[in-house]
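Just below sit the structures, each encoded as structure tokens.
Two complexes are shown next, each including subunit A; its partner changes from subunit B in the first to subunit C in the second.
Right, the complex of A and B next:
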């Protein structure tokens, strides 16, 4: 039986989520659904980022009595992508919040959430 | 002071101020507003002091290490010369725009907070040396922008902002993925370490990572066609905010591209292709855009693309040493002028470009608009010009001719739509109320204008152009503008004449042909311009512009450098434009003048660049050492000068411009300014003769010249409008000169200069007389004027002399010119052209008779009296000139011959005969006597006829009122052809802008597609 490292599974999942998100953004005309698409894309990216730093069989990157500094790089999961992911999640959260705020304002002023309705400026 | 000189203060002021804002809001508005400006001011001052510190430290960058560790453990920021220059520019502009945008900002403390954070984020993008940190600052800028856009109250604004959010979220997602993949491959996020580890950036993952980051930065700069979301925002948000996004936020992106460019060395061709397409497409679409803010959006997109294009192409051709001059110059120009234009939109309160605003009622606003439009069109002396000139020169050296063509075509379109807007804005419209300009908008605008002038002057001094030749015309013009309001109009005129005479004495001596031209055009220009003294009130800008015009002509004739020549040439163009625009009905006609003038200028620039690139020298003398490969360069130069000389086919700008300009301006344009183009053509022909060209296009040139003459005369014959008739007559006469130049022989050139002198005096007289007649009769239609001979006898006398001299009949100097020309043509064996010359002479005689008889003979149906003395005196002086040169041709021929002799090879001398021999053949005395007798006989015949017929009306009707040719005989071919061309461009533009459907989803698709296409294309690029 072929076994995949967990990072590969995560990577595939992450990219899958990104594609699902993009599909939602491009195929749904309701902007709430589009915003959900952006959210899915964010999650997918977070998963991809974490999986990029994964070292198969590695442990948590906490330097203590059990983990000697020498050679630690080969034995621990790279902490930097995880750190970046946290930042990316925070940014994704605020972007989603901003988009939802826009959705509310658009709905209040136009009475619809259809992206096709928001075409006042063009050409 | 020293504490302020540490750039970390920029971030502290931004974040600290941002966090303090909610607190200050609780305390009170006074605290809130003071706190906001204290933070913004502190941030700006910090960047200024830091930049000063860097400069004082010899340009060494200030490194900022965080967390007390060196990279790659810590994130580091850098503040060097480049960072400092961008940071200071952005911060100063942000402060100005905060003032201009104050009405919107002060409504909501959140807006103040966001603004501070946004400015801080842009500075962070500029300073950081870490990829992930760059992403964070990018997101800070983005989210700050989303917030500010969200506070826009208009429905359309919210719609546009949502599209903006979606597109930029996709872009920054690309950057995040790209940055992390780079880390995955190299193990670094620090930009310097990644660049060091560039060798390991091979393979598909690195490739896609780099393209992702590149795509993000390019998308943020709004590339065609993935930029509809950006344009919608430019169109719908308050103007000052649009300005902030267009200049400040884009600055961060531009700098990020600059910073990461070492990583993108394999992708330079892609960047160039995308930005060139964007520049061309956005300016093309701009031609069909009537919404002002969206138009400025297209212009912004084009300008930023141009900046990135310059960066990429200069890196690619290894001309990194000029990147600061070119890229920073372009950026600074865009920063100041575009922000100024957006602010003026706020001051005017107009949204439709087609609306006539009567903006001259607000001279300050109109002046600002003129200044910024001229600057954006990259005309001298503003920073954009020096940058674009250097860019074109570098491109020519690297033989990137396609890019030169794209740049110039795009610039021409940009000039077209911006001047179209300016012309509409100043078109009178008394019904349109203009809002009272607000001080908080005018002060920033004034500051931007001053900064634009200061930086332009600074770059001019650094450019290596002849300072005196450039600044003297401008200085005299500015001086007259300042003292103007203190003096009466006539005193201003006298001051102008004195100043021009005085200033021209300060200029270096001009030699040879240029020296002849300079004496001739200075004297002629002063005499004709003095006719302005007849008017009690001139438009306020008339005399300053006239001074710039007359002195710039002297500069063109004196310089040895291509750069100075071109700068002074553009001064002439711009000064002429504004002078013509002061005519009563001139405004609608000025656009064509401007576009054709810029077209000519760009041909000249392109041609010169090709020759300079080929010879490696920027001196004008280099034109004479070019080898046959530079043939295209000469052809372009000649074409450019021919456009200015209104050769057949490209003549359509001349009749409306000459026809509608104020009368004495027309006299200057026709008499003096047109000769500058002739001088250019003469110099080009001379240089081409000196260099080793193997293709001879002189016969073609001669044919163009003669066709211009014949058709010009034919069209003059069909005119009923006095000034248009004279305008076509000018075209016809210029054609003679072109033909004479094309002879490329000693005799031809003597002839050319001879006709130049003759035409200057003749047309000066005729246009001034026409002005006086229009002034006295109130009409310019030939069939409404007659019998002026008794009412305006002096005018009749001078016009008769001028016409006689122009017609080429003996005894006056026009005869000499024509005789010489036909002899030279025969000598060359160009018999067809001789026939053309004879036909043109016949047509010329006909329209001149029409003019003379129509105006002065027949019944006195119009009331009028003699022209004002101040219009007559210059004409009498010019008549004196004609008589002197007619009686003593050697006075002119001697210097002309001397001027040409040393410059021409012996083989070019006419049949080896010396000029003395030619003079020997041409003894004017017997011819003069004969012709005076003939003229007297003709006069007697006329009188006799009118006595016999009892009344002279019928003969007059046949001669003057009847149309000499059926309409079908003079089809407006050139008009139709250019009309079809313009229509084609418009159809293309309309087709192109159809992609802007307004659908946000489609815009997201375009953004994604842009990335995919970029990636797909990158796989075809050869790796370095």
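Right, the complex of A and C next:
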């Protein structure tokens, strides 16, 4: 039986989510579904980032009774991608909020969420 | 039709790229040098056992400040975007707000104080254990969301929330400047006593900065949630 490293499994999941999100953005015409696609891409990118920091057999970089400071650098995963992912999640949430606000505004002014309806509008 | 075919081709090509990236990636066996230095420096010179909090608040503190600024801009722009349009009749209300029901209502009464308490716990323990300002602030905002779902007629005092988050933001920057004056640089938390590694009052100004961040994020996300109800 072939066993895959943890980071490979996580990366495949993350890249898969990115592809599903991109497909939702490109193939759907409803703006809400496109926003869901963007959110899926966000989650996928976060998973890929975290998986890039995994070190074989590593644990969370938080020192406590079980993780002495002395040998910590040999036993923990890379903390930098985790810290960057916190940032990425918050920014993703902000972008989603702005997209939803635009969707509400478009619906109020045009009465539809179909992307085709906005193709020729220059108002 | 043509466009759909092209889209599928683009997605397929990207899938090939991703497959090659995954195939060529080798899982790390040791930390990269920068990460190793963060892991050893964070408990020693910042006295915070949580390396991720050390990176977020000190080593990459400027990024965190920029991120908070982005959140602030989003909260401000939502008010503009969601303002009712002038000169157009309001669209007919398609949905009647229904009663949330007994379960949600009782759940709110039991859970709301507990969620807020847990949020505060996560915020103030950010330098010791998993957690921190962003995570705790998001938990607080989730509690506010439960409150708004259970009792839709609640009116949040958004003016007060805005004042709270602006004050937290100003204090955050002031603490950063204190770092320049009293310690090594902007957002350097070592101007307060370091304390003992793992103690509740330790790690210099990191718990203070983390608490301010939590208050700011919690208030900001509550305002964002509230704006979407109009």
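The rule is simple: the second predicted complex is superposed on the first by the 107 of 123 C-alpha atoms of A that agree within 3 Å, B and C clash if a C-alpha of one lies under 4 Å from a C-alpha of the other, contacts with A are read in each partner's own complex, and residues count from 1 in each chain.
As a working rule, contacts are C-beta pairs under 8 Å (C-beta built on N, C-alpha and C of every residue); 3 or more make two chains touch, one makes a residue touch a chain.
Predicted model only: the values in this text are computed from it and were never measured.
When the shared chain is aligned, subunit C comes close enough to touch A:23, but subunit B does not. Of the two partner chains placed around the shared chain by superposition, subunit C is the only one that A:5 touches, whereas subunit B remains out of contact. Looking at the shared chain after the overlay, A:56 reaches subunit C, while subunit B stays out of its contact range. Using the contact criterion defined above for the overlaid structures, shared-chain residue A:91 touches subunit B and also reaches subunit C. Set against each other, subunit B and subunit C touch different numbers of residues in subunit A, with C touching more.
By the touch criterion defined above, A:80 lies against subunit B and subunit C together after alignment on the C-alpha atoms of chain A. After overlaying the two complexes on the shared chain, residue contacts for A:116 are found with subunit B alone; subunit C is out of touch. Of the two partner chains placed around the shared chain by superposition, subunit B and subunit C are both touched by A:102.
Legend: residue contacts after superposition of the two complexes on their common chain; A:69 is shown touching subunit C, with no touch to subunit B.
When the two complexes are superposed on chain A, the residues of subunit A that touch both subunit B and subunit C are 22, 26, 80, 84, 87, 91, 94, 98, 101-102, 105, 109.
Contact residues of subunit C toward subunit A in the complex are 4, 7-8, 10-11, 14-15, 18, 21-22, 25, 27-32, 34-36, 38-40, 43-44, 49-52, 55-56, 60, 63-64, 67, 70-71, 74, 77-78, 81-82, 84-85, 88, 91, 129-130, 132, 134-135, 197-198, 217, 224, 227-228.
Residues 5-8, 11-12, 15, 18-19, 22-23, 26-27, 53-56, 60-64, 69, 72-74, 76, 78-80, 82-84, 86-87, 89-91, 94, 97-98, 100-102, 104-105, 107-109, 111 of subunit A touch subunit C in their complex.
On the side of subunit A, the complex with subunit B involves touching residues 22, 25-26, 29, 31, 34, 38, 41-42, 45, 48-49, 52, 80-81, 84, 87-88, 91, 94-95, 98-99, 101-103, 105-106, 109-110, 115-116, 118-123. Residues of subunit B touching subunit A in their complex: 132, 136, 139, 142-143, 146-147, 150, 155-156, 158-163, 165-166, 169, 173, 176-177, 180-181, 183-184, 189, 228, 231-232, 235-236, 294, 993-994, 996-1001, 1004-1005, 1008.
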